[in-house]
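Okay, here's the structure, questions in a sec.
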């Protein structure tokens, strides 16, 4: 760990190549082990499925009642009654199972799903997650299954840009947006780094090519521990 | 009502023909309306099914996971995996449905079953039922689904001999045996009479041929109201 | 004889009264009983409390029911979907109430309503604004919130097959809330693509047993919400 | 690749430890995983807490497990059945503990264990000795008792069909407790009459989705408890 020795030149971005959205998804996919039951949030998390390494068999759960979700349908396969939680048309793989909503959330709440990958507005140093509401007075609040997923799934991975579009840190000391869950996040995949939420604090374990620990720390509103050695 | 005017000669049993077990079942069956969902306890309640008047379609629920229970199987139909709550081999009618135990008891607890017919050790004037345990110290307590049924089914009918084998009243002021449920019984069919549990008290509405109100009252440890007019 | 078939959507929803609580099946358009909802619009009952995961889309189905000012309150998990304009507008104008419930809690509250369970504890929403004002309690060192069951006067759901006992078969993810809403309503009304003979549905594969079902209307060619939305159809 | 098949009942139950909580499927003999139970007798784990609706019959299956002094405590609704001698004798001798639970409460406690619900309220047993010592509470003027979820280290269940993902099909009323026990145990072990190819089970008709299942043993010709009892068989 050399977090305190190299604080020079952290804004030099010439040699930095932050991960693209596809690369973030690809990096996250490495951590999906063979035989996992996985629930993918809407948006970037959905990308992860296409990068799961060959040879690993992963079963996707969608909370609207399907275990064994397959890829987008061909026009011939299309059935408006076969959709995912994002209301997109999907398929069902051989060996799938359909069930009703109470059974589906029993799988979630009962800790039967291994991994859930979600986006984030903010993640705190303690693993608190805010990803459902800005809390703005005129916003239409909508939570869907996010609170159930973070409360029930064994491992919660977050995949997100490291900062907002305006450069504000998304990894913070304390979330200012309304929480989705307390102390629920296990690992964060950003365009800059991979960060674990540990009992000791936020442990940065990997950096995107050319990105330095200090560069990431400057864009993070909570202390990071350098685990890249 | 003449309950206080004719207390003479109540033990004259020459002209009395108490109902047989089959007649009790037959009388009870008159009150099962067309289209009812019915759960029958083990023993005498099971007899009721064979006396439901023609033209009424009744669907039998057995709490071990079948709606649409049919009669005993022929040797060819016999399947040890198709039994009722009394663990006797049964059949499934066309239009039946199988389900698991939690779903089955949701039907019961959720007040979806119309009628349940049970036996009794004691019924109190308030409709308390004792039918699962004598409370004897060396007895093996066994409750099965009885407490769920009385708590959840809309109408509880009791079919029982009016007194015990030793002549003790089974209809009592207060049950001395451990309760199955409080204020749950709606109507009692005995070999002597039909008695409703009402807010005003136990209302005797019918007598077996030749049986008098006073004869029944003498064998009942709670006040009866004569509704036979 | 048991025969739960009724002649038309209009007949099926005729007695839904002002102020009734109505569960409506469907997750987005999958499972949405659009013909029953349109019959309810024609019927005109007002000040309804509606339970659905969403708030409809475009100007048909649930969105049209809301737009027609028949809904006083929505209980749902996700009132903000692509193509959902009606609810947000009325909500911002303070003309419709919203009870926001996490999706799994919504499902479990409905299932509990049908199963005779008045309340239960769940880890979902602990530490969030949606747990505010709710009782919380520790079991084995973990904090849970208490949630109450939801019941309804009516449920409107859609199935693929139904027999005269009311045994139902759904198609794929159109099953979603239908079996549990069927349990939790006093009167459950089904629109089915096909009405089949008793015995045609294998007792092993029944998805919603007939005991939970009160009325069945055959709607052989149900409209598809997304298609109507794309065509810009407004109901009525 | 996911393949939950294991080679034998012995291999399937090898790690059941002394003091483990074990749910055993079946209502009477229907659904009783007799070969798995016999493997557990051979294996010898002691001081088990066993959850089953009954206590077995004759001297085979669950009754034999109890007779072999491997069960310290039974959680069940009906320990007294025709042909059930083993449990009553040990119970009267104070050699086995009993937690008597109404059948529907037992089912719901198991389902809750699998669904992440730590506790719920039920009207069942209010005012009876089985509510004694339990918290009670009024909702809308009606009294309910609070019941806690049950979870287990292992569940042993029996199915008709299974695929390598663990999707299960049961036969008729042999389904009973199996789907909910499968949810409530850390390790769910299935003996199945037939092990089928992925895709052979229609996704619409799966009775217990594979996510709840950990190990599958094929037992093509399972023994029938009532037949063994009639023949006076004693295991081992």
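Labels A, B, C and D are assigned to the chains in the order they are written; within every chain, residues are numbered from 1.
One rule holds in what follows: a residue touches a chain if its C-beta (ideal position, glycine included) is under 8 Å from a C-beta of that chain, and two chains touch if they have at least 3 such contacts.
Given the structure is predicted, the values throughout are model-derived calculations rather than measurements.
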Chain located farthest away, centre of subunit B as origin (C-alpha): A
Averaged-CA centre spacing for the pair subunit B and subunit A, given as whole angstrom: 58
Inter-centroid spacing, subunit D versus subunit C (mean Cα positions, whole Å): 34
Computed distance of Cα centres, subunit C from subunit A, in Å: 30
Contacts with two or more other chains, residues of subunit B listed in rising order: 66, 92, 98-99, 102, 105, 108-109, 151-152
Per-residue overlap in subunit C, given as positions that touch at least 2 other chains: 108, 111, 115-117, 122-123, 172, 204, 207
Chain-to-chain touches, reported pairwise for every pair that qualifies: A-C, A-D, B-C, B-D, C-D
Residues of subunit C that touch subunit B when the two form their complex: 1-2, 111, 113-117, 163-165, 167, 183, 198-199, 201, 203-204, 206, 209-212
Subunit D-facing residues of subunit B, complex: 62-66, 79-83, 87, 92, 98-102, 104-105, 108-109, 128, 133, 138, 140-148, 151-152, 178-182
Residue ranges of subunit C in contact with subunit A within the complex: 27-31, 53, 77-82, 87-88, 91-92, 98, 100-105, 107-108, 110-111, 122-130, 171-180, 207, 224, 226
Subunit B residues within the subunit C interface of the complex: 34-35, 37, 55, 57, 59, 61, 66-68, 92, 94-99, 102-103, 105-113, 151-152
In the complex with subunit C, residue positions of subunit D that touch it: 108, 112, 115-123, 139-140, 142, 144, 148, 169, 172, 204-205, 207
